[in-house]
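After this come two complexes, each holding chain A, first together with chain B and then together with chain C.
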Partner chain A sequence: MGKLGFYFDMEACIGCRTCQMACKDKNNSDINVLFRRVKSFETGVYPKPDAYNYSGSCNHCSEAKCVQGCPTGAMHYAEDGTVQQNKDKCIGCQYCVWNCPYGAPQYIEKSGVVGKCDSCKDLRDNGENPACVNACIMRILHFGDLDELKQKYGPNLVNELPILPIASVTQPSLVVKPKSCSSDRNYREKEV
Partner chain B sequence: MANLLDKAREMMISRRKFLGLSATAATGAALLTLPGCGLSKLDANEATALANKEGTWISAACWHNCGGRCLNKALVVDGVVIRQKTDDTHEDSPDYPQQRGCLRGRAQRQQVFGADRLKYPMKRKHWQPGGGDKSLRGKDEWERISWDEALTYIADELKRVKKDYGNRSILHIGGWNSQITEMSRTLGLYGGYTEYWNTNSFGSWSMTPKTVGFWQLGVWDQTVNDRYDLRNCDTIIMLSMNPAWSAMGSSSWHYWQAKKAGAKFIGIDPYYNSTYSSFGAEWVPIRPSTDTVLLLALAYVLLTQDHPVLNPLIDWEFLNKCTIGFDADHMPEGEDPKGNFKDYILGTYDGLPKTPEWASEICGVDKVQIEQLALEFGKNKKVAFLCGMASARTRNADNLPQLIMTIGAMTGHMGKSGHMTGSTMHATSGNGGPALVNAGSNGLPGIANPIDDTINANQIWDAVLDGKYNFTGKGSFVSADQYQPGKMRDIDIHIIYHSGGAILQTSDGMTKGIEAHRKVDLVVSHSQFLTTNSKYADIVLPVTTEWEKFGGFLGGTLVHSGNREMILMYSQITEPLYEAKSDQWIAMEIAKKLGIKEKEVYPFGEKQQFFNALSSITVVNEDGETYGPLVTITQEDIDKLGVTGKPQTGKITYSEFKEKGVYQVKRYQGDNYGYIAFKDFVQDPENNKLSSESGKLEIYSKKLADTINNMGFSKIKPIPSYIKVVGGYEDTFKDWGNKVKDEYPYQVITPHYLRRSHTVFDNVKWLQEAWVNPVYLNTKDAADNGIAEGDTVLITSAYGKILRKACLTECMRPGVIALPHGAWVDIDEKTGVDTGGADNILSGQVPTGQGVSGFNTGIVKIEKHIQTKLIPDVEKPARIIL
Partner chain C sequence: MKEIALVLFTICIQASIGIMVFAAVAKLLNKESSFKSAIITAAGLAIVGLLASFMHLGRPLSAINALSQFGSSWLSLEIWFTSAFTGLTALVALLIYVKPSTKSAINALIPIAAVIGLANVFVMASIYNFTSVPAWQHSSIFMEFYAAAISMGAVLFIVLSGKKVGNMRRTLAFTIGVAVILQVVAMELYYIQLGANESLAAQTSFTLLNNMSTAMALKWLLILFGSGLLFLPTMKAKTNVLVGQAATEVAATTEETLSTTTYIAAALIIIGQIIGRYIFYAISITGTIGLS
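Take a look at the complex of A and B:
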């Protein structure tokens, strides 16, 4: 049994942001708060450009900096190994916001505390998938045992890319099927 | 807004209404951007409390003209919608997919319960019967009025205008067709109204396909095979299409199955869009409005490089058997044999062979790439030649569908597995074939419009302002009667009545449109928000959304309604919000004030209409040919609904249908539901005649040319041929020969955009955040104009000016800019510049051919704008009125 985490097939992602919206709906997130966020990138030059999208959320890392740096213990590992947050313990100090290289925890001004992707633990405890997974119209987001996901979707899966931090820092529970252009270090993020 | 709940209590509204209002409060929490919204304090606790309670999932309408049709469900707890989801009614597989919805559907509750919902009937402060200060339309203050006041004003003005000027002076607009809205019933019974017509999304696919025989199953976009057969293609060549943005639901996933099965993708487009980049398509970067030129050159390459043994490209047997007009030997009787297509391509008589060199100068595609592209079409490959209709939403493109057909016919990509040619778009994109579930009918008898005046979109505002237009018949773009010989008519419009749609926003020439709205005596608008139609109106009537209605159905037809495999049934989610009323109620109440009996307008009520539609749905049997009733209805169901009807037996009970919200035919490999377009025709053309006069695919169509030339907008030939496009690439030059650019050096296209569905949803903050709505500029073009990423760009055409932030991209062809379609206009009255980025501020009223709206034909200049700061759309205050 491996860690639990997300699988993302970048090759088939059309960048529609339905996962992002499903997450927003599930978490009733304010504007400027996105626990899952799709970003679009471009490589190459005309007339041979290429483009790819990345749908990212909390990676429920093995070496989660948010957990390590949390002074109150609000950020913690749940029994299933995912990184969870006890909102009652959060004091809004934002150490986790600064520590996470993925930008997953986000400070919510209105409530004065931090929030982040909890991998829809309430749904999963009921035997359901995270909202983003069941929303994806290309069926390319999955959540589960990373070893099983690797076996099912491997072998060329990665957990780091030029657009992502070095994986060794936090050991993200993430597997991505990359698109070939996503290995290009000369990428440009686009607000489409 | 701050004291909304107090107001609600004051009104002593019912408990259920109150709960509807609470729902607004709950989503208000998410809408942090609501300025001065005091509700957020209330609902943080409320939302948490609700989240811990058991709720009910109710099938919710997702009813927009979005390019998809999907299952949407709302989790309702104590009358408040706290979350949404999509189809999970069965296991999901590529062969039998769930009907999953997109981000817009996921944000539906943000729209329905938006703080900017119109709450009451409103009157513009300085309007009075006869018009008042008309120049203030769009900038006046609003006053709340009662329903009775609003309806009385409207009825009195209708009476006055009818008496003084006649029914012709009432312009009734209901979206794409004036006859589809509820008010058309009332106004029809009141003596009629002038209609509006346009070619909408279809451009020259409106009339051309049926005339030339490129037409299957009674519509223009079912000439492609079903989605299983897509997986048999070697090559999928896409001409100006982007299902990733314009056909949500499962379409992109269907295309992906073809990709997984090994298909190669090619995209011919000015923009290397999300579909092409996702599918790794080879890009053929073409200039807008020049597809005809490219395709003519493809025909040239095919003709000149074809060799029966060494290089078999052309399917001569197909041409011989299935087409007319290709060469001199196959011309229709009585026509000059010299007018054939082949000799035109080779330049036999005009001395101008349509070579890749010739085409390249205009369309911008390298001549070598044109040659390579032509070879991809070779007859021995399994090719799907697909297009959306964007390339036909251009001026002077009336022969384009015919030319696409011609290329498909030359290469024999029709009527066989793995071969297909034609347009495929919207909810049926990539999945042709007859509807396996047929929607029912509500049983309401139609009410005719006794007036025949019908004004084309390209003349509508000029007609209001100048009092004349070219009448070409009536019946809307789907009817042959709409394309009659043109006759100039005088017209004197005094009332503009918008009973639905968003035509001021979505029709050509919005600047003129605003001027026209400021001319008439009265503008009425039904809407849910202060849309563009309503912003420039005098009396605005708040209408319910589909979530506030008893229920209904979506899908079950092929045109803009759903995919062929399913039908959706939705139920009521909330009571009408605030004072919103249904369009039907409004139509009835105005009728009463006009002295028309209620029963004449609606012989029976909305529940009976619902039942009639429910009981008349049919579904295919396993033989794939015969159909039977879909829904099993018991006497108990009928009694409970309180309607008249008979019990019946079908394939799903009413209660299960209601609970699931969808009935989907289970497709599987080897089922009887597959579809190969033109199969019967290709096998036996003589006994399976097509819709053209000859019954064949008409590469030469005298009827097409005569019909269009007699309409009087512009001229075409019976064969596809090069026509210089009004406002096209050539018009970006003042000296074509020496290539000296003119005032408007860039071409502009207006792609569909995932923030919204045409204009719908553009006000939803969650969607504004997800899709920021920039203008896309090629990096080099931007640099040439001193524009950097994120800079504000002033885009100017001969018709108007807009501002947008720049998104610099290598995915745009240089010389072309892309402005997402459908943003709500937001004019700065001091400068006259639209800060909303509305595409139709840049478009003009220029009718060509069959009356096509040339949304993708336009020329502009671009400049860096530093005078004012453009506020991101998501940070703009919502339009909360009263």
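Take a look at the complex of A and C:
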């Protein structure tokens, strides 16, 4: 079995943020805490404006900087290769928040520890999909064996875009079907 | 200010490391002097710094978990080194205070603490260099941290050792001067390269830095003026060639001026380094989605 990760079809995403809300609901996240976050971007100008959305969460990187930097071993690799967090070991030093180039770990004031997407491991252990995948009304978010996902949705999949950090740093377990305008380096984030 | 605990932690620990480094050097030259005030202050600063680091944690009572992973990351190394340095420095201070007769143990422990401390400054800078914050991914921050440790440590050592510092005073002032000049050169390169960095996170940091120009100017003015002050009294003392009672009076006045000037220099250098550290944390923007 290859590495497990997310597939996201940017071409078909309408930016409804149902995945974001399903994640928030599943994790009972506080205000301002989002383990999956949809961001919207604009490119070009009239008469050729364009826009795209990006739905991102923890990418369960092979070279995860959160795991490499964690002083307590709270951030670790599970047996299935995903990056998991042992909340009992976390001391809330927030070093992972500075280290992750995808903004995945987030500090939760109330509990004094960091939280992040665990790819709904509890659901997956019972043979179900992560909450965000099942909630996506466009059916464009999937989780599974990256090699199989690439075979199924390839061949033009990427894990690096102008809006994303350089993939070689952390080797994210992510494949994105990009929208052509997402290769434009002159993007502007749109507040929604 | 969100990272006030880390400003306090890094400044106190680095100042303490600096004091211990110069105490170790001074001990090599003068084994008999105990440098009691300097070492007790170093221990106090290290303990305050260590306690401040707990304030940064979301769960300070679980801090012991951080000792379970020696060497797995820069941060775990820092936690070990800081604990070892603080423990050793506190032990030396305790021995000097309670059992000053154990000179050989004291003389052996001071250089060990100093070496661990110097390694710790490197580890501290590496922690920030490793993050995804472009404003911290620069070799100049190593110089910034070492210059802070050397300048604060040396000036505090001069102030706290009084007359015992003797002939070392000029060398210490010169060391501070060199450290501060290297800090200026390193940070000048840093500012230029941060401005030229195309990453949006770096650009945002640069804008924040630009908005803090007054604080930055104040940082350098205080550090440079403070370091410069250390050279004045020695030059003044040289010009006083007098005899008899007049010489004694002038010498006393010069000493008083020297001591006041040193206190002012110490305050200026330390406040300047604190402002610099505040800026260091205030401009941190993590490179993330949409800010690459």
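The rule is short, and it goes like this: the second predicted complex is superposed on the first by the 192 of 192 C-alpha atoms of A that agree within 3 Å, B and C clash if a C-alpha of one lies under 4 Å from a C-alpha of the other, contacts with A are read in each partner's own complex, and residues count from 1 in each chain.
One rule holds for everything that comes next: contacts are C-beta pairs under 8 Å (C-beta built on N, C-alpha and C of every residue); 3 or more make two chains touch, one makes a residue touch a chain.
The structure presented is a predicted model; accordingly, all values stated were derived computationally and were not measured.
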item: When chain B and chain C are modelled together on chain A, clash or fit; value: fit
item: Angle, in degrees and to the nearest 10, that opens at chain A between the C-alpha centres of chain B and chain C; value: 120
item: Which superposed partner A:Phe41 touches (first chain B, second chain C, both, neither); value: second
item: Contacts of A:Ser111 with chain B and chain C, given as first, second, both or neither; value: both
item: Partner chain in contact with A:Tyr52 - chain B first, chain C second, else both or neither; value: first
item: Touched partner set for A:Gly154, first chain B, second chain C, both or neither; value: neither
item: Chain B versus chain C as contact partner of A:Met21, first or second or both or neither; value: first
item: Lowest C-alpha to C-alpha distance for chain C against chain B (Å); value: 15
item: Touching both chain C and chain B, counted on chain A across the two superposed complexes; value: 109, 111
item: Chain A-facing residues of chain B, complex; value: 26-27, 29-33, 40, 44, 47, 82-86, 88, 92, 100-104, 106-107, 109, 244-245, 248-250, 252-253, 256, 272, 274-275, 277-278, 283, 285, 754, 765-767, 769-772, 774, 776, 778-780, 790, 805, 807, 809-814, 874
item: Chain A contact footprint on chain C (complex, rising order); value: 56-60, 62-63, 65-66, 68-69, 72-76, 79, 127, 130-133, 284, 286-290, 292
item: Sites on chain A touched by chain B in the complex; value: 12-18, 20-22, 24-26, 28-32, 34, 38, 42, 44-52, 109-111, 131, 134-139, 190-192
item: Sites on chain A touched by chain C in the complex; value: 37, 39, 41, 54, 56, 65, 68-74, 89-95, 97-103, 107-109, 111-114, 162-166, 187, 189
